[in-house]
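The two complexes that follow have chain A in common; it is paired with chain B in the first and with chain C in the second.
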Partner chain A sequence: MSDWLDDLLEMMPVDPYPEDLAERVQARLALVRRRSRRTRHVLHLVLVLVSIVGLWLILPRAEMFLTSAPNLSLGAFEEWLSALARSPGESLLNFIGTIATWISGLASALDIEFVLGLGILTASALYGVINLLSNGAAQEEVMA
Partner chain B sequence: MSVSREQERDEAELDRRARAGDPEAFDRLVENHTPRLYRIVRRFASDRGEAEAIVQETWLRAWRALPRSVDDRPLAPWLVRIAINVARDIWRKKRPLDFADIGGDEEFLEDEGPGPEERMSQKEALEKLVRGVERLRPEYRMVIALRYEAGFSYQEMASVLDLPINTVRTHLHRAKSELRHWLETDDV
Partner chain C sequence: MNRWRILIVALVILALLSMVLSALFFDIAWWRQSLASIGAERAPHKAWRLALLQDVGVRANFASLFANLVTMYLFGVLILYLAPDRVRHMSQESSTGWQRVFKFFAVGVLVIVLMGAVSILSLLTVQTMPLPIILGVVFLLSALGGMVTLAYQLGKTMLARAEWSGRSPLLSLALGTLILFALTNVPYLGGFFLIIVLLTGAGMSIATRFGSGKPWNLLPLMEDVQV
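Right, the complex of A and B next:
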């Protein structure tokens, strides 16, 4: 039930609204947005540099990685199939031996620099994809 | 379509674009909502400077949180809720004695008889009431602001203040008791 105090409280005067308050808020928001854009640009630049370092670490070792891979030509595959038909046991043993040699070759190529480079590149790629997806979704919403 | 329906539609569109990260839409929301937000905040803030600081910080927090906020939540109560959290953060950093308080938790006897308007003019009563509200403890000023400035229901107040509805009722009851006592005391 409303009484005299409710009536007075509803009529209570308030200080005049500062006309430039909304403008000041907008100016502060603009500053915050500029700062966050600048931070994003710096972060992108750092990621590009880090990715270059990652590539620089991986590329010299990629050659060793590829040369240690088994021969995957069509001719070699046909030859292996005919050997498999002739003597399956021996062919399978040879195949397992080839795989083992390849894995041991890979293990020797996987030194700390290679793993570090791979990690850096993976992290950069993941960040790029996440950023692209979130920006795309926001843009879609604005344009819809 | 009536003007108010069109305004509502425009507001909803602005809200949707702002949530999607459109800065221009957000700036329009700032223009539209700041005057009312200021009135509510000014009622519970200690002074004009504090009210302006709370409003500015509210919009900054809203800008950061809006993309993650729930889509169908009305903007105005959400802003008030942020403003209240900002105010609480500011007050927490200040010393408790910074707040004048015209009374403790003691109950004042309610006089349902004629009001103080018989002893003073309405203008004087309103001026005294404003001073009385300014001297209330912060949580009481908040319920007064939400009830009489924002026009919120008890349910809305409880939701915005994150308090049980009965606590909100108690705060409002005590705030009004203290204000009655303040208005009826001649020598203050």
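Right, the complex of A and C next:
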């Protein structure tokens, strides 16, 4: 009864392997590693450039985002706390209304460039986090 | 006497001195003063020592400092008792070198950028509107858990160097918490230091999968596909 090892043995060449086989395998591995490292460096560079473009798209519009935000000063918070102590239901409704107004104002003020910039930043940051968290670099060090 | 023991004693004294000076000469509890409207009640500085001690603002500073320090330590004790294995794993990860700690900081920075962008984008759709709150709570808990681990690891390393390593983990936490807390309360620079510590802590929690030690990859899903 033949098992898979017998099949593998049958598939192996009968000729003796060339003397420089080990060197060729090592050279091939080094080439593959070099290529993958170069590709990764290019990808990193592209992502850095894309992130800069994303920031360039967002920064001019950051003022709009900040001005549309509700008044978060300490005085306003104190006023809200005292209102909450006087009539909790009404102040909570007012709070939800303020948030809804802010979100709708923000949504109407957002333009495609801002959203695009945020999307680019999200993608770049996600790639960076995955790259840092995955053990690819460590594995590569071990292999090298 | 071991050189590290002298260093630890000196650091503890410096930390306490730094906190006292911050409480005496800077408005640490500025938010409290505003809320209680006690800023205008400052005593005239005729005899400045007595005046400082009688100053309502200074007393509020001391109260705030003490409350913050005790809260931070008790929160750390709670985390140590709740998840000792996770804290140990995270502290082992952070003890492998400064390069590792810097990597945690980079993860923290990237995650906060990612969360900020996702939070703003999620406000545009009704289904994802609660996401910023959920993400914020998760990030805050990660950052605080990581900060506790950093404090514990700092104290543990220093006590081990001083050959006091047989002491309780609570002592390591106390030493680390005291030093980190004093650094985060240095006037003007403390805020930056606090941000760095929180980002590093959050990065450490996330990178170690909240101390579980499981790797960040999709291998379990790929194994399912292969089956």
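Just so it is clear, the second predicted complex is superposed on the first by the 103 of 144 C-alpha atoms of A that agree within 3 Å, B and C clash if a C-alpha of one lies under 4 Å from a C-alpha of the other, contacts with A are read in each partner's own complex, and residues count from 1 in each chain.
One rule holds in what follows: contacts are C-beta pairs under 8 Å (C-beta built on N, C-alpha and C of every residue); 3 or more make two chains touch, one makes a residue touch a chain.
The shown structure was predicted, so the numbers you read here are calculated from the model rather than taken from an experiment.
Colleague: Is A:S108 contacted by the first partner chain B, the second partner chain C, both or neither?
Modeller: Neither partner.
Colleague: For A:L132, using the defined touch cut-off, is the partner it touches chain B, chain C, both, or neither? Pick first, second, both or neither.
Modeller: So A:L132 only meets chain C here.
Colleague: Examine A:L8 and indicate which partner it touches, taking first as chain B and second as chain C; both and neither are also allowed.
Modeller: first
Colleague: Looking at A:L121 after the superposition, I want to know if it touches chain B, chain C, both of them or none. Which is it: first, second, both, neither?
Modeller: second
Colleague: Go through the superposed model and pick first if A:T39 touches only chain B, second if only chain C, both, or neither.
Modeller: neither
Colleague: Which chain, chain B or chain C, is in touch with more residues of chain A?
Modeller: B
Colleague: Given the touch rule stated above, what does A:V25 touch, chain B (first), chain C (second), both, or neither?
Modeller: A:V25: touches chain B, not chain C.
Colleague: Which chain A residues lie in the overlap of the chain B contact set and the chain C contact set?
Modeller: Touching chain B in the first complex and chain C in the second, no residue of chain A appears in both lists.
Colleague: Note which residues of chain B are touching chain A in the complex, please.
Modeller: Touching chain A: residues 16-17, 19-23, 26-27, 30-31, 34-35, 38-39, 42-43, 48, 51-52, 55-56, 59-60, 63, 67, 112, 114-115, 117, 122, 125-126, 129-130, 133, 144, 147-149, 176, 179-180, 183 of chain B.
Colleague: Which of the residues in chain A come into contact with chain B in the complex?
Modeller: 3-6, 8-15, 17-18, 21-22, 24-26, 28-30, 32-33, 138, 141-142
Colleague: Can you list the residues on chain C that touch chain A in the complex?
Modeller: 31, 34-35, 103, 106-107, 110-111, 113-114, 117-118, 120-121, 123-124, 129, 206-207, 215-217
Colleague: Please output the residues of chain A touching chain C within their complex, sorted ascending.
Modeller: 65, 74, 78, 103, 106-107, 110, 115, 118-119, 121-122, 125-126, 128-130, 132-135
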